[in-house]
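Notes follow once the structure below has been shown.
In order of appearance the chains are A, B, C and D, and numbering begins at 1 in each one.
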Amino acid sequence: MDSKIITIKEAITDLLHDGEVLYLGGFLQHEPYAAVHEIIRQKKKGLTVSKCAGMIALDQLIGAGCVDKVISTYIWNPLPKPAHALRRCIEKGIPHKIEMEEYSILSLTLAYFAGALDLPFVAAKTLLGSDFPQHSSFLGENKMKIIESPFNGEKVCLIPPLKHDLGIIHVQRADSFGNAQTWGIMGDSKYGINSCSKVIICAEEIVSTEVIKRDPNRTIIPGFKVNAVVKEPWGGHPSYISGYYDIDWRHFSFYDKATQTLDGFENYLREWVYGVKDRNEYINKIGKDKLDELRPKSWNSNPVDYGYCSKFQGDYLL
Amino acid sequence: MDSKIITIKEAITDLLHDGEVLYLGGFLQHEPYAAVHEIIRQKKKGLTVSKCAGMIALDQLIGAGCVDKVISTYIWNPLPKPAHALRRCIEKGIPHKIEMEEYSILSLTLAYFAGALDLPFVAAKTLLGSDFPQHSSFLGENKMKIIESPFNGEKVCLIPPLKHDLGIIHVQRADSFGNAQTWGIMGDSKYGINSCSKVIICAEEIVSTEVIKRDPNRTIIPGFKVNAVVKEPWGGHPSYISGYYDIDWRHFSFYDKATQTLDGFENYLREWVYGVKDRNEYINKIGKDKLDELRPKSWNSNPVDYGYCSKFQGDYLL
Amino acid sequence: MKYCEDYTPIEMMIISGSREIEDGQVLIVGTQWPIIATLFAKKTHAPNAMICYEGGVVLDSIPDRIPLFTGDPCITSNSVLLNDSLDTLGMILHGGHPDLAFLPAANVDKYGNINTTCFGDYSKPKYRLGGSGGACDFGSLAKRVITMLEHERQRFPERVDFITTPGYLNGGNSRQEAGLRCDTGPHAVITTLGVFRFDNNTREMYLDTYYPKGSIKEIKEGFQWDIKISDNVKVADPPTQEEIRVLREEIDPFGMYLKNNKAKAIPCL
Amino acid sequence: MKYCEDYTPIEMMIISGSREIEDGQVLIVGTQWPIIATLFAKKTHAPNAMICYEGGVVLDSIPDRIPLFTGDPCITSNSVLLNDSLDTLGMILHGGHPDLAFLPAANVDKYGNINTTCFGDYSKPKYRLGGSGGACDFGSLAKRVITMLEHERQRFPERVDFITTPGYLNGGNSRQEAGLRCDTGPHAVITTLGVFRFDNNTREMYLDTYYPKGSIKEIKEGFQWDIKISDNVKVADPPTQEEIRVLREEIDPFGMYLKNNKAKAIPCL
């Protein structure tokens, strides 16, 4: 098989087009910040971005003007610090108005689940009585529907699938064919990334397929669904990757203060996004000392054994 | 917390009552043979047994007369060798007639998934056009329903949840509180075991909670849902447990030949079930040499790191 | 047992929240005040409580630093189960397993409906909050929902602008009529001034217990409607000196939650 | 390239099945003959084919012993993904990813409907098979379904007793009318005598290709209805000597599938 390893610049150029529906993986952990910054540098426009919950990746895309529509449950820096670009956008239409579809985490994860399996819909007992079902925008009638169950007449909320043109996630490790492995808190990521027609895997490490095959239960998406693999160490900064680096809280605090004004937001992009050509320049700018502070103490799993007998015993069936 | 470790004899006595709905975990791997044999020894009656796919565990329960109703997709020894007790039961009513609800693996796994989450139903595009939907027995109208989607009018199959009074699964390892971990091929087991009101975990090994916490992504059910933990090495024999023992094909071949007649089946139970008081006697009867032949060569995963910084960095948020 | 004198309203709210928990219970826990209240309970009277977070976490012990939110990496090594949101919000919460749910809120109304979405009209809000994560799921699905928030008048409108998390909706049977399960719903609202519960018939919120440092008058002024007072209104015990020591020294030694409380408050107009 | 003379009908069926596969395709594979046909393709002309099994397996290479069924533990160390049935039957098959599905069958009818459930009336069967696992899902959801079975007259009734796996149902548009997706359905039936395909309009099965050792007469006798023959009926190339060597020596050296074929047959009345 041919390696799918390319740079994030190539991956975004080749696989993301203006107006497409983009899924961003990561539930705090696994957010693809390196990819988000490249999308901003390439000035992609008119995107619909679907992101269950996370930190400031979506705020940056909105503020940079890449986004026309949003599907989400949570855009904070994190709670209770507001995502300022989101607020400017919704309250004042800066840089332009966007439409938003809000869900709860369970309903959005079920919509991704239905998308990954291409199920017509899933019925749940959440969202009933809340104001979410009647406030839909671009999804209209197809956001969700409350009906009486054909089994027992009780009210249920039907959640149809959400599918995406492109999905991007930043994982712990992948092989060059795109078999991607993760551990830690997963949120919506497995279902979301499997609901995408095209997939970019960004990874802290590229490993041999043997490493993958020594622990195949950790694979969240098989390589045959993946279009590009990008090696991008520290690509999840300022959020975290279990075992690789912790959250850079100071950076979130800095982002909060820096982006309260429109000028401040634009300065932030100029400095941290437009001002660096790739993630390598970005991490040099963060600086070795700061990175060292974020390195985790180790908490290793014990190896487990997937072994079997190689000796053929099926002769007893002959 | 108090340890939940008891013997399988105590667990079956305390937690399984005549007439209850029993889920058996394991999709070839993870089948709880030691527990099944104890159920037969305790002569439980009138059970409804739900088992997605596996080897001969269900055949033995049916032949032993413990079962009145079955929910399943697959009862072979394995394909294409018939499960003889099942055939005698359905074709000739021996030892007594049973009712059966058949599914496909995807639809049954979705029914377990809906059961685990207590979703009202899930819609899928399978089973349509097949003869499964119109052939229901004890589940009647509540087995599944074909309707037109309220979103686009296409025909969809609604699959309501299956829930169970008691679930039993044989896993690689658990701690004494019931946090249970598995690896290898999982089939329906995670959803099935999470759809049960009471749970018995049988395990090859009892490990400390620290071992669990060093690899929490492998946990398939949290201990607070578990009622009893049983240490039962070789409890999955004659099927397999990845990393512990391979399939004993000779035993399946022997079972095939031995149980073709009713007498032969009863002899098998007398020898291998009634004739031993517990799994320890059973494995002594199998014999050390045979067990040694089934031991796997090792295929170990590499440890992964779940680490984080223990240093508090949140002062930057203050 | 010596009672403490020198405690803050936030500390009293945290300890009050923790008192709702019995040992061995399964908790589904939101971010902000619920994090510290539930960890405090686990450290003191409920060591066997199991704490579940929406991202796919089941925690059986206290992390060695205080989590800043429910997705903090410091919880990964204290978890007995880590996986995804269908594990916790699905197989645990929708599956009906938690004994209690704990939520923060921007504001709460007379029937326990919670808003953490926006102030003003949804389509043209005066202030837009960043969304509510799994809060709607907690309030829709959990058997007993406990909300924790600062006692400020703008946080208690008669009717919230947007129902993010359904409480008893319009009171009476309206929650069940909307299709929510009858064994679910608000159980208590815990503020910096007292503990509020819900009438079994009208489903209206009432004052059940107030704290020794406060007064009913002050409590009433913190509502935009005429809050009912229980005929058997109780006064809570103050925290003990030991409770305050554990909270300050063992749970939050850096004052992440206890210092500079304003910075931890969810915005509310 | 030397053709082989000394091959069995089962070997020809296996190699014929493998010829349907192009390199790099994603396959969802049932038990029995499909296992060996797909591994043979992977060993020869389709090394980059990905093989998915219903229990939650994605295999990218050939195990060091031949799997006896799709849940055989020997596949665990050759898999790039192991998890559960919602991964393979759900996110891969229902998600629409496989290029081809391979199934075994007890018998198959004129419109490609498969029975692996029972013979006679379902409620009082003459012979009860043990159930069909994921076969209905394969046939309902896969884009191109290939069925492999021995060419014996009892295996080709005009109408199966029970539709375990929907083919084209009653022909014409009846498959879509039942709600199945229009880009799915039977693609070929591969037997020990030939390769059968389906008319694009009537959806009736016809002989497309037969094997050098057989005859159309023999093929016709193996059907309980009057099987149509393509106007352009083709004769397949026999296996090469190298293909037979690989099959016998590298794929199934112990003859698990190739010896004692009767013992591998799914019962059929």
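As a working rule, a contact is a pair of C-beta atoms (placed from the backbone, for glycine too) under 8 Å apart; a residue touches a chain by one contact, two chains touch by 3 or more.
It should be emphasised that the depicted structure is a prediction, and the values quoted were computed from it without experimental measurement.
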Legend entry - Identity of the chain that, by mean CA position, is farthest from chain A: D
Legend entry - Distance from the mean Cα position of chain B to that of chain A, given in whole angstrom: 34
Inset, instruction - Could you grab the centroid distance between chain A and chain D? Build each centroid from C-alpha atoms only and quote it in angstrom. - result: 39
Legend entry - Whole-Å gap separating chain A and chain C, where each centre is the average of the chain's CA atoms: 28
Legend entry - Numbers and ranges of chain B residues touching at least 2 other chains: 117-119, 124-125, 154, 156, 183-184, 186, 214, 217, 240, 242, 246-247, 249, 296, 299, 306-311, 314, 317
Inset, instruction - Would you pick out the residues of chain C that each touch at least 2 other chains? - result: 68, 73, 76-77, 82-83, 86, 90, 94, 263
Legend entry - Each pair of chains that touches, named by its two labels: A-B, A-C, A-D, B-C, B-D
Inset, instruction - Enumerate the contact residues on chain B facing chain D in the complex. - result: 27-29, 52-53, 72-80, 82-83, 86-87, 90-91, 102, 104-107, 109-110, 113, 124-132, 135, 146, 154-157, 183-191, 240, 242, 246-247, 249, 296, 299
Legend entry - Partner chain B, residues of chain D touching it in the complex: 31-32, 54-57, 68-69, 71-73, 75-77, 82-86, 89-90, 93-94, 104, 117, 122-123, 125-137, 139-141, 162-166, 169, 174-175, 178-181, 263-267
Inset, instruction - Please give the residue numbers of chain D that touch chain A in the complex, ascending. - result: 26, 48, 50, 58, 60, 64-66, 68, 73-74, 76-83, 86, 90-92, 94-97, 253-256, 259-260, 263
Legend entry - Complex interface listing, chain B residues touching chain C: 1, 116-119, 175, 177, 179, 194, 209, 212-214, 216-217, 219, 221-225, 306-312, 314-315, 317-318
Legend entry - Sites on chain B touched by chain A in the complex: 81, 117-125, 141-142, 145, 147, 149-151, 154, 156, 158, 160, 172, 183-184, 186, 211, 214-215, 217-218, 240, 242-244, 246-250, 252-253, 293-311, 313-314, 316-317
